[in-house]
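Structures follow.
The two complexes that follow have chain A in common; it is paired with chain B in the first and with chain C in the second.
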Partner chain A sequence: MNTLNRRDALRLLGLSTLGVTALAACAPDASGGAPQGDTAAKAFGFTSWSLNEEAQKAAVQAIVDGYAGNEGVKITTASFPYNEYLNQVTLKLRGGQLTGAIQLDVAWLGALAAMGKLRDLAAPAAKGGYTEVALSSGQSGGKQLGLPWTTGSIGLIANTALLEKAGVDGVPATVAEFEAALRKVAALDGVIPYAAATKAAQLKDILPWMRTFGSPLLDGDTITVGDEPSVAAVEWYKKLYDAKLIAPDVDRFDARALFAQGKAAFYDDAIIARGVVASQAPDKSLADKMAPLSRPVLKAGDSPQALLWGHVIAVVEGEGADAAADFAAYATSDTATVARFFEQVKLPPTTTAGLADPKVSGDAFTTEWTEKITKTATANPFWRYAGYAQIETAIAEQVQAVLVGDSSAKEALAKATETAKGLQK
Partner chain B sequence: MRKLTNGQFAWLLMAPGVALFLAIIAYPLVSALVTGFFEQSLVRPGRTFVGLANFADLLGGDFWPVLRNTLVFTIGASVIPFVLGYVLALALNSGLPGWLRGVFLFPWVIPAVVVSFLWLWIFNANYGVLNGLLGTEISWLGQPGTAMAAVIVTKTWSSFPWMMVMLLAGLQTMPKELHEAASVDGAGTIRRFRSVTVPHMKGIAGIVFLLEFIWNFQHFDTIYVLTGGGPAGATKTFAVAVYDTAFKGFDLGHATALGGLWMVLLLVLMVFYLRKEAS
Partner chain C sequence: MTVTLSASVPTTSARRRKPVNRSRVAAWIAVAVIGLFGLAPVYWLVVTALTPDERAFSFPPSLIPTEITFDHFAKLAENQQLFGYLVNSVIVSVITAVLSVIVSAYMAYAFAKFRYRGRRSLMHLVLASQLFPQALLLVTLYAVFSATGLLGSYTALILSFTTFTLPLCVWMLKGIFDTVPSTLMEAAAIDGASRWRTLHTIALPLAAPGLIAAGLFAFVRAWNDFIFALTLADPARQTLPPGLVHTYLGEFQTAWPDLMAASFVVSLPVIAAFMFLQRYLVGGLTAGAVKG
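The block that comes next holds the complex of A and B.
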């Protein structure tokens, strides 16, 4: 019987490696091809993470049903959880399995634009009556790749009842006052003073704090994460973590749950927070106790930091794209639709007419949020890179290493920056 | 009409299977291995041939911590359920009520993702059952040491029943006369276990352990649901690292290169398994 000895096996392995390398050098590109399908088709898909979230599901489905009923089209809906959404949409888009309209976070537009499969929506955008700021959130590479559905910001929210109970007078305006307030709240039994993100999936929330401490994050094309202010911000975050003023194992969804149960005094969220928390809270008056506040500044006179945030609806070029573009325009700019949507989920519209609707303009929480948070909100500078999510992940994983004591802030951020540099494409 | 030879007939019978194998196993495998030699992104069209650069990057950095984590998880999640399964199989074979077999099988029939979510709530630092019972405030999934232990406990809970059933089946094939003869010769319980049970079970126990080891080496869902590979990469095994690199980092070149290295290690395990099975 013929047997393979070790030397032959090694030879075979070497030859196989050479063979695969040679094959690799000659292999064609396997990325997706040109868009296909009938763009005038009356059936299309709508992919949305909101259809997966209890607080928004019914309102979004009503928009879908309303348009399908009025226009006599068939809309097939699909949904993925927010934390998996970009990944799933990217895969399906690359594989040509995704058609029609897609809800996107404004942060993702750059990454998906790089795939070259989204339709330029300049024509419907010009007719929609959108505000300039909102329109800019749907632009990438000089094209209007998304119609703005809502534009707002991510900022700090407080439970005023808990602050009062803890003896916190007034709203903390500086980082020092904020920390002092957290220490007072810590005295309450079973309450996490600040349900800040500590899981890697949401640790990008530390970026506004880095800016608060004075780091620009990006200067031109030079990443400044790792500079003195950003290191100071992470050391401060670690101090809060060690003092149990922030808690381990928290992402946005945990934070909402804790806040809704009255077990957290502060947390970061978008304006959607009021609707989401109110729907989860056993205390039905909690929504009235929620107050948006400007992120505390390092020293008086600094500008409060907040992250610009919003959703757009993009359209995949190909099957049903014409009807999908029309649906995107309807969902984002039809005044009655956007006002009703605001009434249901409290997401501010993006058109001048929508914002002027009494249902919107008369809402005190939204007005306060706009004044205190959105007014000074800025975009994440990394969004301009297709690899922005990897850059955020690199920073988040290193900040987490600091929190669990695996690394110093200086070393961790230097490592994160080194990784991030390779992703600036 | 010309008759087919036995060899031709055999090839004819195998043809559908071979075609399926080539289409759904061989082609994707070769395609993935080939991608490891390119710089290729999931979100950008086109790719650039970089030779062995992706492999060199990995071997100079991420590969070793991921290998260490994979080995810690694989050994922990194979040895502990094996010992537990063996003990329970012995107990069931020694007269423990038969209905307990069904009870012990319960964790195995629950899908791994559901099991993982159950344990996610149990281990949650802020509102988890475990901290509630112990009166502690430990971040089980938020600290590197406890996170790996938590993942191993969860995997143990879901996989010990399978090992128990297989080992019990092995125990039940053992002739009673062997134990009776050893007893007559004056052997006690421990001596009978060492000299009769263990030699008889060596074959099946080896196969069961090796299969579990191979499956754990590739395991994904429990780790991904519980920790996502964190905190700070402390539970990042090959399966999670390949997924993260490909589908979160969109870096297909490094992901498939890592997959290739992972496959080589799996092949070594497969050789052990095939030799064991043949013997």
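The block that comes next holds the complex of A and C.
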């Protein structure tokens, strides 16, 4: 066995360190890094997940190129996958690596607003001609922190051919009529009447039903989940589950697959459902049989509930913010641009002029969706909290416990509320 | 009569029949079950890659494809971006593997063959670094690379991957150096070889299977990483895991058949490397298990 004196040990340590440094330095290096913004007045970054999504990247890049060409500015783009986007943007925003304009899901605005780095875009919002519901999707804490890029909603979609086959007359308007329609569809062989979310990951879809039954979910800062209407909603959901009118282990992807195969009569989705379902459907005429419908109400005269959904463009305060805000206004409110964008990706615009453009108004599905579902859509009240996703999960897990018979609705929602209270920050 | 004879006298084949070795049967069943768990996902990956889009979501799913298409593989050839991700993965993984082997070989030799104050503590410290969740280290490394201007570069990825592979590589190689008889070193010293020469001409060649095993481990670790590659590399330097997610997993839709086809193709280099080097890998992993 050799012995090593301190000098030899240090020499080996030094050599090892040198090796690491030398080899790493030999690696083909990068001069880039995360988007650094630009010190020039007319240069800024644009971060968007759509820039790398097959269905949208060409259309989004065209908007970026169009603005850069018109205004003579340099736009540095960056993109992260949608599922990792919020984490990456949060990390980079906190580290000061992110500047310029950022595409955001409306659900994330509250979490990022808490960091205090987003610019108030009240002035461009006032001039943009946006619809009321669209403007509300970009607001957080009383400020207009995002300009609405596309505004839609999560609503109910029906397969009209299956309804006809089952003998359902007209579109169900109330919860009772809806349940009756489901029972008729249940008589069809191999069809799930309503492919409602029953997996915990997607059971947040029950929140609009809780609102339908009369629960506000949140009153001020008091969580009202567990009140009488929300308990009634969960008990009704459980009734559908026990009667096999909804199926176990279904999330959004499963529901789309079932609907696309003609094995579900109703399911919940966003307005993009038409394109997604059509691409999976063996029946190429299925898109023509899809009809958006207002969520049934508890009693006639109630307002139909729908969850607001959409994208906004926010601007990080700091270098390039003025130009980025101008770009955000252009991308979201220039009528020719938004109409062209709709034509390419079928995401509805957010301005009155954009919605009235023949390219948009001529699309019956979109017009119907906007009129029947988006018009009365409201934001999830929990989005104002950075921990909104955990709050939704806490509720979803307890609702699932009810569905599988592990708990009563009252006990489960009380437990969910206790957990959720600790996440209101 | 015949019936009586055949019933009362055991036949030759019956006499030769060996008693059933129950433990052997149990072992084979266990192997079959484990094999099924391991291979079923691969089978499903290949089936999905070969299934047309509109059939990929058919319900109930079909275990045996009724319709086959090679369109998803053909589309890969047209995607230049995927080739870029592949090149990045190769650069980062190969350099990480080489760097990990070099550094860990010196460290492991120092731990195995020299006696000095703090050796044991230092060894435990190296292993203890494995206890930290890597997600925690990500935030710290992000700040460090940001401050040093390395964020977005290959260097940031290689250094972070090497950080995670070193402890296990050092531990693996120390076990192997422990098995190299010290008398060999002493003989070399008597013949006039310096410590440096002894390490390079005697110890390292003897530890070759271990070096290959350590290198493969580091290569695979770098090849498969998602979150560090996504966070620390800029878009032009992203590797395959974030690249595939970015390309195929969207907000609204996941192109499962395309993703499966791409996953299958990009795993081929790793499969080939394992097939070629597996005898060294097994030898290297077990070499330090028993001290000679």
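By our rule, the second predicted complex is superposed on the first by the 254 of 425 C-alpha atoms of A that agree within 3 Å, B and C clash if a C-alpha of one lies under 4 Å from a C-alpha of the other, contacts with A are read in each partner's own complex, and residues count from 1 in each chain.
By our rule, a residue touches a chain if its C-beta (ideal position, glycine included) is under 8 Å from a C-beta of that chain, and two chains touch if they have at least 3 such contacts.
Source: prediction; values computed, not measured.
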A:Ala200 in the overlay: touching chain B, chain C, both, or neither? Say first, second, both or neither. first
For A:Ala260, is the partner it touches chain B (first), chain C (second), both, or none of the two (neither)? second
Considering only touches as defined above, state whether A:Phe80 meets chain B (first), chain C (second), both or neither. second
Look at A:Phe365 in the shared chain and tell me whether it touches chain B only, chain C only, both, or neither; answer first, second, both or neither. neither
One more residue to check, A:Ala55. First (chain B), second (chain C), both or neither? second
Which partner chains sit in contact with A:Gln280 here, chain B, chain C, both or neither? Use first/second/both/neither. second
Just chain B (first), just chain C (second), both, or neither: which does A:Ile272 touch? second
Look at A:Gln400 in the shared chain and tell me whether it touches chain B only, chain C only, both, or neither; answer first, second, both or neither. first
Going by the contact definition given at the top, which residues of chain A touch chain B in one complex and chain C in the other? 20, 23-25, 27, 29-30, 32, 91, 257-258, 263
Residue ranges of chain C touching chain A (in the complex, touch as defined): 53-59, 91-92, 95, 98-99, 102-103, 106-107, 110, 113-117, 139, 142-143, 146, 149-155, 158-159, 162, 182, 185, 189, 195, 227, 230-231, 233-237, 242, 245-247, 249-255
Can you list the chain B residues touching chain A in their complex? 30-31, 33-38, 40-47, 49, 51-52, 124-127, 137, 139, 141-144, 228, 230-234, 247-251
Chain B partner, complex, touching residues on chain A are 20-21, 23-25, 27, 29-32, 87, 90-91, 94, 111-112, 114-116, 192, 198-201, 244, 247-250, 254, 257-258, 263, 386-387, 389-390, 393, 397-398, 400-401, 403-404, 406-407, 425
Mind pulling up the chain A residues that touch chain C in the complex? 1-6, 8-9, 12-13, 15-16, 19-20, 23-30, 32-34, 49-50, 52-55, 78-84, 88, 91, 95, 97, 105, 253, 256-258, 260-261, 263, 270, 272, 275-276, 279-282
